[in-house]
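Note sheet for the following structure.
Letters A, B, C and D mark the chains in the order given here, with residues in each chain numbered from 1 onward.
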Amino acid sequence: MKRIERMKILKNRPIASRIYELELEGDLVKEMKSPGQFVHLKAADGLDTTLRRPISICHIDREAGTFTMLYRTEGKGTQLLSRRQAGERLDVLGPLGTGFPVEGFSHQTRCLLIGGGIGVPPLYELARQLTARGHKVTTVIGFRSAEDVFYEDAFRELGYVYVATEDGSRGTKGFVTDVIDRHISEWDRYFTCGPRPMLRAVEARLGPDGWVSLEERMGCGVGACLACVCDEKNGSGYRKVCTDGPVFRAEEVVV
Amino acid sequence: MKRIERMKILKNRPIASRIYELELEGDLVKEMKSPGQFVHLKAADGLDTTLRRPISICHIDREAGTFTMLYRTEGKGTQLLSRRQAGERLDVLGPLGTGFPVEGFSHQTRCLLIGGGIGVPPLYELARQLTARGHKVTTVIGFRSAEDVFYEDAFRELGYVYVATEDGSRGTKGFVTDVIDRHISEWDRYFTCGPRPMLRAVEARLGPDGWVSLEERMGCGVGACLACVCDEKNGSGYRKVCTDGPVFRAEEVVV
Amino acid sequence: MTDMRVSLPGLEMKNPVMPASGCFGFGKEYSEFYDLSRLGAICVKAVTPEMRKGNPTPRVAETGGGMLNAIGLQNPGLSHVMEDELIWLQQFDVPVIVNIAGNTPDDYCRVASAVSDLPNVSAVELNISCPNVKEGGIAFGTDPVIARELTEKVKQVCSVPVYVKLSPNVTDIVSIARAVEAGGADGLSMINTLLGMRIDLNTGRPVLANGSGGLSGAAIKPVAVRMIHAVSQEVSIPIIGMGGVTCAEDALELILAGASAVAVGTQNFADPFACPSIIDGLTETVKRYNVNAISELTGRSWRTSDRQILTAR
Amino acid sequence: MTDMRVSLPGLEMKNPVMPASGCFGFGKEYSEFYDLSRLGAICVKAVTPEMRKGNPTPRVAETGGGMLNAIGLQNPGLSHVMEDELIWLQQFDVPVIVNIAGNTPDDYCRVASAVSDLPNVSAVELNISCPNVKEGGIAFGTDPVIARELTEKVKQVCSVPVYVKLSPNVTDIVSIARAVEAGGADGLSMINTLLGMRIDLNTGRPVLANGSGGLSGAAIKPVAVRMIHAVSQEVSIPIIGMGGVTCAEDALELILAGASAVAVGTQNFADPFACPSIIDGLTETVKRYNVNAISELTGRSWRTSDRQILTAR
């Protein structure tokens, strides 16, 4: 049976401009396996938020029984979340969704991870699991400006990292696709998460042999309300981001 | 100009069954003079409470720049209030309303203060101000049971105190009116605050030569919305509890 | 122990709580959280004769104390629902209500007649009030004459009791309720969502791709209470109440207003265990009342004539 | 600096923000908090020809994200309002709107004709939608023909512009809006409160002595946005928008939906400085938009055809 847990907040601290690192402890961690899955959080008790908020799992530490998320303060929910303190309990539903595949690749597959802004976090657990399995990881991460950059060093420990910023204040000036155009030629599989325009540009360049992680406004987060659908590429139907995704094969859905 | 202040919570602790003592510090204390006035509190930020909550001023410490309220957890607002911690700020509008008179009495007036349950708190500041002016204070306070009793000792420092409990677990068994019937014969003025049935019983016994403090559901707390009216005794009109009251001459309004 | 069972046309319920249509899919997702047999009944997502894609996204938006949705009746269509979803639900010991939507009376009749032949379908609920479909759908719920005719037509072809789900977006809900009762409805469901909209301050455009959507959640509970209170005094068929129920106390409020059973919608999203915990909470809360069966509380707000204390125990 | 002035029939406003009728008395109480001349306008409590006592208490109840009220039009009557309240308001440099209620068209005409002769009364607002009066009051707001006739009659005797305040408790608010426009209304105010109820679980009876009341506050904002969005596209008279405005962003949302000015009701109770802080906030927020005057934002949600980013600056 699935469940929810009031997990203990160990850490909730800013690490970049409007970006917070939130570490939680609890039993649910045991069920977290696949990178790219997400949890559905109640940011606050009471009437201030009617709906939960979906946030990706960024780092699972199964031994410590903890996991980490990174989130950006956008609206009400994430702002309330940023005020929560270590020691408090947070109502967590998850892990939910279908994440990135890490099995079934041939030996030492060259994996290209491309993340934009708040799409970067799920790639971190992915990078860890891929490298743990002996694959080669190159990460391209894009941000607006130097103060928005996070986890660059963390990724560097797992492979080669390129950073792009729109204003050029760190790394390559421009978008992740500029980095790809200039620096990346050899890769076997790609894995990407970020804003829609970025996903579209990446797919246009790299073709269908990859996986994309999508965002959509959610109601239930578990597949019951049909709020979070995206279009299937071939076919007339919809897929649900919360259960069929958030990770899809690039060829499967319209980004 | 009137104002609101985010006052600092110095203390917020339980002192009897479901009764909390809340001490606040701030500039508004300078404006607090009349016993029986109240403040209008925002129990929590956000959507959980649309309206403020009226709570009586129980003790003004002008030198320390603090004042104290006592409240009972009833519904949502007071429950949220009870979770607020020392050091946090509380949004306070006040002091509001017209309190009990303490001037204009002849020398050593024998004052009878009668309070029931959560109607007791405003009588404490009243007792302090009356005794400070050399008047004699006798207090009769009624509760449901021993565990509900509060401030008995505090009142004792200011005069004679009778306690009644409905179940007889402390003081006289019965209501404040039972105490009055049995023990009180000599008094010049009375001052009462408590549930309506108590106020009615008190007025029926002691007549019009006193002051009653009324409760009514409030919207604005400042006289603008007309939510909090009570009937005038002689006349077809209404009086506003939040501005004309909460304290009225017993002969003035229908209790 | 208060008797929690309620008995409504076609529905012998263990307790008066069910999920509201559209907020529980066809049950599969929530069956991963708890045993669906605990529920008083299950009301499934609206079914139309053919598969429907629904509206573009975003389909939901949060609002103060509530949310908007414009799913647009996405569903796999009658035959898939019958062959897959409803069969699957047979494993649970719980009455199933099939919510039906359509553009024409014939649409409603086709679905009603087909699903009512299934052994575990105990009732149908005619969604004549979905605010998120352009053609026809809304008129059924706002015109008493049309609402009555639709009810009559469905009654002729449907072998299980028919509940009609009323729209709150009307001047006079009592007249619609009376009309569908006259048309033979066995019960009423109320209320569906209020029409609402949010505008995105950055784009200046509505947040929902559909423009407007249906408002649900705590925000609308006072509207539901008032309408159930008004309608229950004017009809003699039972009401399944819904609108903003988040806890046992809310469910009780709708019951006191006049509902015989209560459906929980939006709260399932905030808490996947909403229904079972409301059932547990209600079983506990109802002990405060001096009644042998929870059904005695239906409509007590207008049955008792003075401000007596109801919680005598 | 964006030009914050808005110009509506009879109302030259410094900014588009005013208190909503019934939530601000006749201004005296809030004048103890700030200078009323800062407001775009002032809309006073409903005035009837004779003094009215209103409903018994309790008159208010809190709800999820909102509140219910059933004040019942308590007011000191026309002559007292004219001789005392409205004269007192002359000291402020702010246009005054007199909200009018009544049981008959004649009631409305008497008050409108009398107050429109006062120098500082800039407009009247016909409250044809107060849910808390039994006789007549509500029908004016739900029947387009009656609403139109009432508007016509008042227009004949009233020397200042006439705004008609619409009820949201109708099936088709656009038809009422069109009718009062045809009747000569100079502007619309919308929305009044939704009908709602709360039941006290201890007594089993409605919390409000009146039974039902009017729902206001954040909970109803999506309903207000949707109705303003719909009506503003169908009429050519301006709209004073209201319903759940708690902050500058909410005010902006109503403006983008189609309102030319915005009234703040319930929020005054939570924060007596609500109006001036919304004015300040709006002055700040509006800078994000590529406009010279805030009036350019009215109805932008339907005037712009695609999802362009509005916040260009």
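The working rule: a residue touches a chain if its C-beta (ideal position, glycine included) is under 8 Å from a C-beta of that chain, and two chains touch if they have at least 3 such contacts.
Just so it is clear, the structure is predicted and the values come from calculations on it, not from any experiment.
J.: Starting at chain B, find the fewest moves between touching chains needed to arrive at chain C.
T.: So the least number of steps between the two chains is 2.
J.: Going only through chains that touch each other, what is the minimum step count from chain A to chain C?
T.: The least step count works out to 1.
J.: Between chain B and chain D, what is the separation of their C-alpha centroids in Å?
T.: One centre to the other, that is 36 Å.
J.: Quick one: report the Å distance separating chain A from chain D, using the average Cα coordinate of each chain.
T.: 46
J.: As a quick test, compute the distance in whole Å between the mean CA positions of chain A and chain B.
T.: Here chain A and chain B have centroids separated by 55 Å.
J.: Cα centroid separation between chain C and chain D, in whole Å?
T.: The answer is 33 Å.
J.: Would you give the residues of chain D that are in contact with at least 2 other chains, written as numbers and ranges?
T.: Those would be 63-66, 217-218.
J.: Quick one: which residues in chain A touch 2 or more of the other chains?
T.: 47
J.: For the protein chains shown, what form does their contact graph take: line, ring, star, complete or other?
T.: Looks like a ring, each chain touching just two neighbours.
J.: Go ahead and list every pair of chains that touch.
T.: A-B, A-C, B-D, C-D
J.: Contact residues on chain B for chain A in the complex?
T.: The contact residues of chain B facing chain A are 44, 46-48.
J.: Please name which positions on chain D make contact with chain B in the complex.
T.: By the definition above, chain D touches chain B via 22-25, 28-30, 32-34, 45, 53-54, 57-67, 69, 71, 74, 217-218, 266, 268-273.
J.: Going by the contact rule set out above, which residues of chain A touch chain C in the complex?
T.: Residue positions touching the partner: 1-4, 42, 47, 49-52, 76-77, 93, 216-230, 236-238, 243.
J.: Could you pull out which chain D residues touch chain C in their complex?
T.: That would be residues 63-66, 68, 142, 169-172, 194-199, 201-206, 211-212, 215, 217-223, 225-226, 229, 244, 246, 249, 252-253, 256-257, 285, 297, 300-301, 304, 307-311 of chain D.
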